[in-house]
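One structure, pasted below without further comment.
All chains are identified by letter, namely A, B, C, D and E, in their written order; residue positions are counted from 1 within each chain.
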Amino acid sequence: QDAVSACLITKTDTNPFFVKMKEGAEAKAAELGVTLKSYAGKIDGDHESQVAAIEACVADGAKGILITASDTKAIVDSVKAARDAGVLVIALDTPLDPIDAADATFATDNFQAGLLIGQWAKATLGDEAANAKIAMLDLGISQPSVDVLRDQGFLTGFGIDTKDIAKWGDEDDPRIVGNEVTAGNEEGGLKAMEALLAKDAGINVVYTINEPSAAGAFEALKAAGKEGVLIVSVDGGCPGVADVKDGVIGATSQQYPLMMASLGVEAIAKYAADGTKPAPTEGKDFFDTGVALVTDKPVEGVESIDTAKGTELCWG
Amino acid sequence: MEPILKARGLTKRYGKVTALNDCDFELMPGEILAVIGDNGAGKSTLIKAISGAVVPDEGQIWLDGQEVAFRTPIEARAAGIETVYQTLAMSPALSIADNMFMGRELRAPGIMGSLFRKLDRPRMEKFAREKLTELGLMTIQNINQAVETLSGGQRQGVAVARAAAFGSKVVILDEPTAALGVKESRRVLELIRDVKNRGIPIILISHNMPHVFEIADRIHIHRLGRRLCVIKPQDYSMSDAVAFMTGAKLPEGVTEVA
Amino acid sequence: MEPILKARGLTKRYGKVTALNDCDFELMPGEILAVIGDNGAGKSTLIKAISGAVVPDEGQIWLDGQEVAFRTPIEARAAGIETVYQTLAMSPALSIADNMFMGRELRAPGIMGSLFRKLDRPRMEKFAREKLTELGLMTIQNINQAVETLSGGQRQGVAVARAAAFGSKVVILDEPTAALGVKESRRVLELIRDVKNRGIPIILISHNMPHVFEIADRIHIHRLGRRLCVIKPQDYSMSDAVAFMTGAKLPEGVTEVA
Amino acid sequence: MSNDARSVSGSYEAGLKGAAEAVAEFHEPESALKKLQHWLHQTPSAVPMIVLVVALLVFGALADNFFKAGTLSTILQQIAIVGILGCAQTIVVLTAGIDLSVGAIAVFSSVLMGQITFRYGVPAELSIVIGLILGTAMGALNGILIARLRLPPFIVTLGTWQILLAANFIYSANETIRSSDIAEQAAALQFWGYSINPGGVKILYAVFLMIALVAIMAYVLRHTAWGRHVYATGDDPAAAELAGVPTKKVLVQVYALAGLFCAIAGWVMIGRFGSVSPTASTGQLGNIQSITAVVIGGISLFGGRGSIVGMFFGALIVGVFEMGLRLVGTDPQWTFFLIGALIIFAVAVDQWIRKVAG
Amino acid sequence: MSNDARSVSGSYEAGLKGAAEAVAEFHEPESALKKLQHWLHQTPSAVPMIVLVVALLVFGALADNFFKAGTLSTILQQIAIVGILGCAQTIVVLTAGIDLSVGAIAVFSSVLMGQITFRYGVPAELSIVIGLILGTAMGALNGILIARLRLPPFIVTLGTWQILLAANFIYSANETIRSSDIAEQAAALQFWGYSINPGGVKILYAVFLMIALVAIMAYVLRHTAWGRHVYATGDDPAAAELAGVPTKKVLVQVYALAGLFCAIAGWVMIGRFGSVSPTASTGQLGNIQSITAVVIGGISLFGGRGSIVGMFFGALIVGVFEMGLRLVGTDPQWTFFLIGALIIFAVAVDQWIRKVAG
């Protein structure tokens, strides 16, 4: 059998982020002549479907697996079983815990992504930051790692004590009006924002887990006549960047899923050809595909790119 | 005279059980035909086959000389065959009036009825009350009572009243007096006579020999899934009929088919 | 002689309907007591109150001189009161044998029974077959047939056989022959006599006057939710009894309470 | 020979002469309490209403901001979609069925309306009509599988739920249509998101639509033959069939109408969220939310019993609990926990009142 | 005067003398087809078995790697948890109930076993026992609410599902316990993840456990009084109560036993995944997965009909479809779509065979 076969396992296949990641991987695979099969969890945080997918890949004789793990600790055993069977496993987007459980990691630093928007929001508010009223729109009550990292990164960047850094919602800073979950879509963002506005109409900073929930939150704010509220988000998808451009979102941290995916496919093709494994970025224990803050209102001390550049780099 | 309802070779199998076995049947215009037979002889299955509640595996049915093949009770009803099933066929949670008019509800006059399709509740209730009064079922306190709150006998009364009120060609009654008291049974018999006097023929399944012999014009004796014979009550005694249907004796000219 | 079962002042209301209205009741040892009355008079409610299927709002019950208050039919059964309800109380999807032994299954002998709690199917089936044969219900082809595949009459036969087989203190039968054929009804009457001969008293609700007058030692006439009177069949004619229960006449010494 | 028969019956039926014809009437003391009990018994939606009022009072006492007009109108707009899906679920549940696909139909319909407008350049009004028709067709598909092939509703709609949701993602390529694009080019899609503002309190058109649908369906179910047939079909399908109800036809109609309601809910979603998103949570959770409203509203899952007004109160109870708990300030995990407890509690209270009311 | 009675009955019952006593027997041509039909009718689990075999053959033909021992044993290990949850769901569904909380009980039990060991230093064996007891208690809570307060199972378990899932997240603080820590300090937790390897094919202990539980429950349901009572309770609860079945007790026992099975499934989850993860998706999806297995297995959601062996085949069918579609290489959305279609198809085939076998 000549064709190299590879698997891509994403957290879900409904979130545009992973959809684009898959498209990037497929394009690269077609280019390199790799057979790519994709799998995904059924819901956010669906760890068991990922285990089943790894098992199916091994049964299918895949050469390599690209995985964005839903549960970075729990997946380790299955990954080990696959590696023992001679499969190259590359973690995408989210490092495993421990990070060396995978052969390589092509990831964004989600904490860094949160940190950037936190710093930006703080700098934008200036002195007002001390009296800010912050709405936190998170992902889900099961608190998957990406959810925690972005949330706690934002708070750190904003200068708020995160208490337990492994958990959101335990903070007691009075500036936080409340945490609500959004499932990462417009509907969730809207409802969560409505509820928090009922609680405190004076909210002036809104952290959102991703851009769709930010768009939902904006609808609620608009309906309440509060269009000037500062919304920050993470992802960097093209609609999200457009929303930054339109002023819906103040700033967003852009990530690069297509790059992760195509790098991953290349690495598997290389491994199949000559058995070499990819190396991490210098000074880090993973290959960082980077994160950039996209905003048209840059602030002192936080590096950023404008929406024109963001649109160029955006992933769908 | 031509039979109003005729069946030939009806057969119905339930898995291993053959409930109807090449059964023939005839109902003459204007008559009361009783169907008697042991428990499990297949009487209910026979009338279900005739009224569309069961589709026979084999056999043909003619109504008024026309071959018919009802696939649902609704089709049979549309052809004028009204049936009281042994299981009564009522919606327990609905009211007496709703049940009586199920499937042929009256609509309010004027625009409310034609456009908004509003039911004419007062008229339906009045009609239901009248019919029940005729049957002496005025012990029912409230015409809007749910059927599930009625006693077994009261329920049966409602079912009989429904069939008698709406039957136009044939009325079929499967053990209509089984759960009824003496007074109520008598009323049902009177009602059956009324229906007959309106010129409508009736099929009556019953285990009550005195009633059968009192009211029937002819008696269809059913045994082991088929018609054994048809007798006139004037020609035989009740004990002969009982002997025939239980297999103790054979009517003349019939050799039992095991 | 003390009554084996006695009730005083039983009252049961269903919403607006008062089904039992300060009703008294007595059953003597070894007797067959018939309960007759119009449809909806409250007969079924009375025996449900006695057998624990319904908890009366007011009133007391004594069994063998001891006051009892059954909250479930299981408690009444444990006390030896076995009942055939008008609705039969069968699990349609289960077999005849399973239904007959519901709640008092036999376990296999030896370790299979004691440790693994295995049912003794062969013994249960044999017993069920015997009891049904006694009732002449051998037209049932397969003792493992689901009850839902039986005809109405066959189902009733199974229920009666169950009660007769297990009743130890009192057997209650609510219209046991309503759906039965002539032959099968006769068998049930014989069975009732057998049970009586075993010394067990029986409460029989029936609308069949000839049967009642043939078999009952005393007749409890129920009217409008309460006991109107108790008569002996020798002392009155059937038409008197019918007249009493329908309100056409009043027995001596009773003034009707509306 | 038949004279023996006549004499047999005659022998005792003679006693019938002069039998009483009076109705057995039991006059009860008509105390106020009795009247209340009777009313509760006759009005199945009364119990959830009482639970609702109590919930309102409790949260009003606990949270300062609760009894503001803005909060209350927010609650109404938050339940608008669930309320409309609940109309669909109610008629299905009344037939002893269940529809797990309501949310999927709603989301897919909204995606269809959006994509037909933006992908093919069809005028928005026409897209809406097409979307409504397609939603109805999806419901009818459920109905045909259930009525014609006699498959259990739970499993059919479990299947179509997955099918429609997957089709929704595949067709839309997971792409969201942005609010600003819709507002510019296809404002009709956002119609139900408009509002009136009497005295500064914003009330969405969607809220009026939900109330109107509930009212219409309450009328249809109570006062038309079709409504009675829906109840009869759910009560005892075999009996209904024998009594002359075309149960199969009724079932297909019920599921098709449910599909239409879902498609309407899909349209309302666009107005409410501004954008068209295939990932809307309603696709996953709409079924559970609508069933919860239906059951808290006192409609029996075994069919044939309950009222659509009860469903409306059921949806409101959940909405009030959710908003109330948020205002009281519990963290999302605890909110989730408490809503679970309160669902059980609401139904327990319902059951208890019914029992007391006898 | 009663002599007139005797004469009345006597007047026609004389005809009874010499009545036939023969059983009405209808001898049918016992063709092979008839025998097959009869067997299909008598064996409710036969139909899912046939569907399964067909599915196996189809995927065997489509995917090269399908008919490898490794693939088949992988399928078995993938359905182990659903199969055990399916045992819980089966007994509940047989009583005409439904248990939406099975997955939540399983995940919470596994978290309890893990946390009790690691947080409080309790020996793993004891933690397991405590976990099993607590799981049983959660099930019993469902049972008590349903049997004593007469609340609908759907709504009770909908409530406890949310409550237990939230409690699970709160109690565990969303923390995963790593596989390597468990292997070192509490190997008993991972017991069911061990395997035998005959001929190099790995078969997990968990697979044997699932098969054993199905076999035991098949025996219990078929051959013990308690099993019959479960069926009777689901068939017609009012009739069962009148016939002497302590239906309330049975219900509480059924839900408690279901809770125990779920806790066992939780223990198995630790073995299978190595780690203890409160976010395991079984908590969210376990109920739908187990209900799917139950319904494809031919068990009626209205209670009283079906066999647990059917559920086992139902779980296998889903497992085979999922694995087969993965190997054929369909994309996840299409897999999702096709599984939806296949659920409906499997039940339609089942229904059709039953009808033909009539």
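The definition used in the following text is that a residue touches a chain if its C-beta (ideal position, glycine included) is under 8 Å from a C-beta of that chain, and two chains touch if they have at least 3 such contacts.
Not measured: the values here are computed from a predicted model.
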Mutual neighbours - chains that touch subunit B and subunit E alike: C, D
Per Cα centroids, the chain farthest from subunit B: A
Farthest chain relative to subunit C (centres taken as mean CA coordinates): A
Centre distance in Å when subunit C and subunit E are each reduced to the mean of their C-alpha atoms: 39
Between subunit D and subunit A, distance of the C-alpha-averaged centres to the nearest whole Å: 37
Gap in Å, rounded to a whole number, between the CA centres of subunit D and subunit C: 44
Sequence positions of subunit C contacting 2 or more other chains: 15-17, 40-41, 87, 139-141, 182-183, 209-210, 237-238, 242, 246
Sites on subunit A at which at least two other chains make contact: 13, 43, 141
Subunit E, residues touching no fewer than two other chains: 4, 8, 11-13, 15-16, 19, 24, 165-166, 169, 333, 336
Inter-chain touch pairs (all): A-D, A-E, B-C, B-D, B-E, C-D, C-E, D-E
Of subunit C, residues touching subunit B in the complex: 14-17, 37-41, 44, 86-87, 137, 139-142, 149-154, 157, 175, 178-185, 207, 209, 242, 245-246
Subunit B-touching residues of subunit D, taken from the complex the two chains share: 1-2, 4-6, 8-9, 12-13, 15-16, 19, 21, 23-25, 219, 223-226, 228-229, 231-232, 235-236, 238-246, 304-305
Parts of subunit A lying in touch with subunit D, wherever the complex brings them together: 13-16, 19, 43, 138, 141, 169, 178-181, 183-188, 190-191, 194-199, 212, 215-216, 218-219, 222-223, 239, 242-243, 246, 248
Subunit B - residues contacting subunit D, complex: 53, 72-74, 77, 83, 85, 87-94, 98-99, 102-105, 107, 116-119, 121, 136, 138-141, 182-183, 186, 209-214, 233-238
Subunit A-touching residues of subunit E, taken from the complex the two chains share: 65, 68, 70-71, 74, 77-78, 81, 165-166, 169, 173-180, 272-282, 284-285, 322-323, 326-327, 329, 331-333, 336
